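Have a look at these structures, which come just after this line.
The two complexes that follow have chain A in common; it is paired with chain B in the first and with chain C in the second.
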Partner chain A sequence: MDTVLAGLINGNAYALIALGLSLVIGVANVINFAQGSLFAVGAMVGWLMTTSLGLPLWVAVIVAMAVTALLGWVINELAVKPFAGKAPIAAVLSTIAMMIILDASNELIFGPELRPMRTGLPDVSFQLFGLTINPIDIVILCTSVVLMVGLAALLRFTRFGRAVRATSQDREAAAQMGVPVNRVQALAFMLASSLGGLAGVLVAAYFTTISPTQGFTIGLAGIAAATLGGLGSLLGAVVGGLILGVIEAFGVSLWGDAARQIITFGVLLLVLWIRPQGLLGAKAIKKEPLTGTFFAAARKIRVPWWGVLLLVLIGAVPMVPGLLDGYTVQVGIQIILFALAALSMTILGGQAGQLSLGQAGTVALGAYALALLTKNAGLPFLPAVLIAGLIGAVIMTVVAAPSWRLSGHYPAIATLATGAAITAVAANWNSVTGGGAGIALIPQAEVFGIVLSSNSARYGLVFVVLLILCGLVFLWSKSHVGMYWRAIRDDEVAARAAGIATPQYKSLAFGVSGFIAGIAGALWAADYGFIDPKTFPPMMSFQIVIVAVLGGMLSPIGAILGSAVMVGGLELFRFSASARLLAYGLILLLLIRFRPQGLWTHFDWFDRLKQRFGRNKDSELEGSDA
Partner chain B sequence: MRPSIRKTLAATASAVAMLAMAACGQDAGPAEGGGGEDKATSVTFGVVGPKTGDQAQYGEDWQKGFDLALEELNAEGDVEYKIDFQDSQGQPAQASNIAQKFVSDDNIYAAMGDFSSATSMVASPVFQRGELVQLGITNSHPEFTDTGDYIFASPVTQAVEGQLQADGAKALGDKAAVFYLNTDWGITTWDVFEDRAAENGLEIVYSSAVEEASTDFKPLLLNAKNAGADVVYMLTYYKTTSLLVQQAGDVGLEAEFGAVGSNYSLEFLELAGDAADGVYMATTFFPASEDPEVKAYVEAFTEKYGFQPNLFNTYAYDGVKALAKAYEESDGTRQGLRDSLATSSELPSIVYGTYGFNEERRIDNPTFRWIQVKDGEFVEVDPLVE
Partner chain C sequence: MSSEKKQPLLEARDVNVHYGQFHALQDVSYTIGKGEIVSLLGGNACGKSTSMKTILRLVAPSSGSITFDGESTLGMSTADVVSRGIASVPEARRVFPEMTIEDNLLVGAYTRRDGSAEIRKDLAAQYDLFPRLAERRRQQAGTMSGGEQQMLAFARALMSRPKLICMDEPTMGLAPIIVDQVLETIQRINSELGLSVFMVEQNAELALSIAHRGYVLVNGVVTLSGGANELIRDPRIREAYLGQKAA
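Presenting the complex of A and B:
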């Protein structure tokens, strides 16, 4: 009983975050990844008010809600509204950009250190089942219940509520019926954001310690809770939060704290498999975040044979020993490793129209496979790399299988959960993966008896692998498999009607993608010589998506270009030290805003057709990019 | 290209010097005079560490220690010392890039960092291949220096600390609940702790790894309570430790509390508040010490920043001072700095007193002091372990 209570108290926090997320999904059909950052902003403002200035808690709550509501308006203006009616993936990516920007600025403004939060609440507490119940526990519980009821009433009985519901059902129709959809969305966004701020203050008061960097983890748990309850359902958000809290408490109590992530994302995956729309969700959200909207609109740039040769020659420059300094070569290796991971994304997104937010998990899988095979089993390097790729392929296919019948935001969340769960297993399986300690002293790459230890040799290895895989991807996309994939991407129903076994081809795409990601991970592990679960954080999955999308998903060259810009660019920003992350987020936001189909795609063609067909019929265009 | 040419030259030079010494017999002194006259007057040490991200606060702690050390060094000597602190976000990928950057940069004479051993050890092969000293100032992983002879670590290994903690726990009670960070550091310390407990008769009734990012530990503490623990030992950093002691109060867990020495910091007192009272810890660094060097350091630090230094501040301060000393004793090359760091027995340190590195490029058993939090302050107590 005491464990249940402890879980409920913690689940309250998730419920508050999930409420805001669900509201935004309902109105704008966007998973707002910046919700966790708003939480952190709220927490810091709350700290400033109560602990620094000594004001009472209710003042802190009001100020934090005002600040985050304002930020919510900004997020909507910059990152969501411009993409209304377009591919939701663009809005999702730009909220990820906002998340990076907000987290970085929060850290720049307040400094990174942890600090205590003094609430000034009366020091009365009582005992229940041996647990001390503090005033803040009661405040949080009441707040989330009151909020849920209040919001539900607001949506059901007021004009604003009707407008919100109409907008979320059919944006275009609502607009034609005279609903000011933009204003409704802005208001709903501000409301949801202020809920994030409120959650920040209250949860900070609950844990009594806060830091500006804690938004990310809590944001992910909030997404898990919202999905568990059913995206877009307010009651579901609260119920999902509380259930997640209780299950976590029991799981952690049984298997220890390190199992927390496995439990969170494992539960999420189970729910998605058994009851895809969540516990209380309606089956209303139909729009695929990726398929048929984003990539068909752009056309691949054809590169003549001499262009390819030139690119290969340029890429081969760092292989000349001693020509470039070690640092530049090292950055080159980083760029290629990321390009390989992005290449695996290209297969999924550009060819089969699927989105994975958990690609770091597959990369981790390959890395661990190589480390164990070469270090413990004593296998030679090249066979180990191949096996690592195969393991990636098998696991990706198996894990992806139950996701086929998901639609809307759910497949993306399923991949997010899968990726996070894989890393969480690596953090827990002490006897095999070394748990949090990781695996050290992984043997260096050795090809035909030669240890590749010099910078140029290490670069040469990853470069040659990149060439081989790019060649394979090119061949695949030329083959009938590639054609079927693109048919599924452009219109899954039509593809099925034309007799394509869509699930099989989708799972083939996941398998091929897993193979490439696994090989990327294997090279990663051999190059680092040390891996642990933190080498492949959830943030890395986002980076992989970003790299792939920015480069353009239609061609392997896009993955390389994206990686050169984002990974190489990140190195340039090293000069501006702590403001670097901020700049990174800003550039990302701008690129998504003005070049969403990626750098390496034709777009004059796209613009011409867009004018002719109107902005919402992108899916009708023929993506003849073979 | 330049570094490799210089390396070849240096190698040739040292070979010639050795031949010359061999020819002259025993009376030629150490290579001190070698390049002495053209030693650089501006020396930069690279630092790879977290300035943003989850561990950013520890990077800030370092920065304060570095700044004070630089101020003092530059006020007294004719060599101008500088720090090039590059942000790794605590991420291995970044750390190995930065390491490569330092290796390629002729102005860097030695490097320190990263904060966690896991991240540092990804960078270590790069430093070793590039023949640039990497001094781990907060790295206590037992295998940390195994990568090669350019890798040094100033903290004591967890083998030493883990044993001490287990003996301390035994002195506080018979049934222990242990929480340890799920990191290389936490797990290794816990392994040593567990082995030692089997020897000294301490019964471990409950143990669990905890994540650095977690904030809710009540389910675990309830388990510890139900298992009847009379001593709780925390192999965690201050962020996690303060949450543990606070929530232990909430679940009504009554026991003696002990924690590793790195919790010895004002941040712990501030974060944990009243819940910190009674917590024991063992540390090599105690600011209230009567030792004149420690006193002078604590005074200077407090004057500059307005509060007392913690262990991470002091590790950073010591790191700069040790590298500067090694540079002074060297011939002004990277190689020379490595050699004098390895052989010198006169390295200055606030944490340990003057020391030298052993064969494994680590520090032998130093003296620990036991302290306890009483009424919101650290007080030295009788040692729990002799």
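Presenting the complex of A and C:
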């Protein structure tokens, strides 16, 4: 019975977060990834009010809700409103940027450590029907019930509520009736955000320890709860949150706290496979493709053969033994490893118009595969790398397969869940993966009997693999497969009408992407010699997306350029981990707003200059948004 | 039926609209008199719906002016023009499918500030005008037939107490027998309630059968205008819309 109660308390927090998510999905058609960050902000404000300043809990609740409402307004202004009418992925990526920015700032301001929270509530408890009940349980229960009933009444009976519902169901028609849809969206956003903040204070008060970094996982749990209940359905959000909370509580009482993540993402994947519309599915979810030509609405820069040669020569410099110091070469290796991961993303995004928010999972898979194959099974290095790539390909195609018939927001959620589930399994499957302790003493790379142990040799290995894979990607994009991918990217319905077997070609894109990501992971493991679940955190998936978006998805060179800027550039400034994350978030926010096609694509002025000087070579037009 | 009284209710003068490079409306001018049914005719993608959207300030013209009731709408929001008396019946009806009939009607009254008693009075008036809606006031709008949804869209527009109702292809996709009902309703709204109607239509014959005057829009340019009786006899109209070769 106590398990049920604990589950309901947690589930209540998920329900509040899921409510906020569903409210925003309704009015703005966006999954607000920053909802979990608002939870963390709420928790920290609550801590500041009660524990630092000694104010009563109700003051903390009000202040936290006000602060998060204000932040919600900012998120809407910066990350959602500018992208109205554009591909929904733009706003989704922008809210991911806001999530990273808020989480990193929270950590920079408060520090990453756990801290105790004093609520000022009397320390008494009593027994009821065999349950131990504390004052905080009553506070949480009452606040939540009052809030949820109030929210339902607000939406059902008031003028504002009707405006919110009308905007959710048909934004354009609502505007025609004179409903100020932008203001309605802003207010709904603030309301939704304050629910996240409220959940933060309540959960902090319940567990009495809080950390500014917990927003990320709880945000993902909120997304799982919202999907379980039915994206966009408010009643579904509450039901989904409570069910997820109780399932988790039972799982945790059986297998320990580490199982929580596996349960969350397992439930999410099951829902997506079996019943993507959720328990109380809303029909209101819009069905348009998430990405489409968003990343590709630009022209490719064509590089002449001597340019390619020059780039290869520059890239080969660290291979010369003793020329550069070990640290620089190590940074070079890191750049190439990230470039490989980003390359796997450009296949999806730039070629086939898909997006994976779980690529770190596939990279981790490749890394664990290599570690186990070479260390435990004694397989030679090169076959192990290939097998790691194939495992990545198979998992990306098989595990993600049921999600390809999904459209709208679901594929992004499905890839996110797949990636997070892989990391969660790695953290829990102690007998195979070593659990949290990871795998150490992974054998070094060995090619044709030569152990690659010097810095320049290690660099040479990853560099040569990068060249081979870039070449393969280039050939693929020139083949009929690449053409079909681009057709799917530009217009999936038209591609299907033209007789292209879109599910098969999409799965092929995921497969190729998984192959490259798996190889990247294998090289990662061999180079590091030690891996654990923290080597490939879910946040890394977003970093891979950011690197790929920054460089530009149209060409393999974009992946390398993006990695050089993000990994190399940030290394140059020796930022702390949180400051680095903050930089990632800010860059993503600016990119999506001002240059979604990335750096390695044609600038407009470049075209104009070319026209002026009369060099009118026909260049390949990529995308239709010219 | 005299076409122009002293001052028209709405006057659009030399309106231009650009969508990026595309010049959607080119120096389009028209007037709508008080108590008049004016129809804007044209084929697909000729700028009909864009004209309606410029009146409603859903699209901002790049140049030109629109005056409503003696006041320029330049710089107004959609909410502003709705509260000044321009209501609309969107293309394909666009009722809010998961809201009740009554809530749909109340959204139509969103811009009104004259208190719930007045709004209740108008609700009752709509139920009188459209008894079908009264029977189903608690039902979700998405469950009604196309013709019923069209009636709801009319009633929803009337809830803002407009002087002018803009309609975007109100007969589109409806069964012929329902089309007749819709046209009859438009005439009633015009004659019994005294409202002006601006009706965007592809079907020239239908539209001109109830309109007082009409304009013909081809590729963003007004090519013809005049009284409905003249237009329906005009050989160019007959050729373009009724499939009859001019003699």
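Heads up, the rule we're going with is that the second predicted complex is superposed on the first by the 568 of 626 C-alpha atoms of A that agree within 3 Å, B and C clash if a C-alpha of one lies under 4 Å from a C-alpha of the other, contacts with A are read in each partner's own complex, and residues count from 1 in each chain.
The definition used in the following text is that contacts are C-beta pairs under 8 Å (C-beta built on N, C-alpha and C of every residue); 3 or more make two chains touch, one makes a residue touch a chain.
Quick caveat, the model's predicted, so the values are computed rather than measured.
In the overlay built on the shared chain, the residue A:10 is in contact with chain B alone; chain C does not reach it.
When the two complexes are overlaid on their common chain A, residue A:437 makes contact with chain B while staying clear of chain C. Residue contacts after overlaying the shared chain place A:571 against chain B, while chain C stays out of touching range. Once the two complexes are laid over each other on the shared chain, residue contacts for A:529 go to chain B alone; chain C is not touched.
Note on chain A: of its two partners chain C and chain B, the one contacting more of its residues is B.
When both complexes are overlaid on chain A, the residue A:105 reaches neither chain B nor chain C. Residues of chain C that touch chain A in their complex: 56, 58, 77-79, 81-83, 88, 90, 94-99, 103, 106-108, 110-111, 156, 160. Per the touch definition, chain A reaches chain C in the complex via residues 159, 162-163, 165-166, 169-170, 172-180, 283-284. Against chain B, the residues of chain A that register as touching in their complex are 2-3, 6-7, 9-10, 104, 107, 111-116, 127, 130-132, 134, 207-209, 211, 213-214, 217, 248-250, 252-253, 256-258, 260-261, 322-323, 325-331, 334, 427, 430, 435-438, 440-441, 453, 455, 528-532, 534-535, 537, 571, 574, 577-578, 580-581. Considering their complex, residues 1, 3-4, 51-54, 56-57, 59-60, 86-87, 90-93, 96-98, 100-101, 103-105, 118, 121-122, 125-126, 129-130, 143, 146-147, 181-184, 186-188, 208-211, 213-220, 222-223, 225, 239, 242-243, 246, 249-252, 267, 270-271, 273 of chain B touch chain A.
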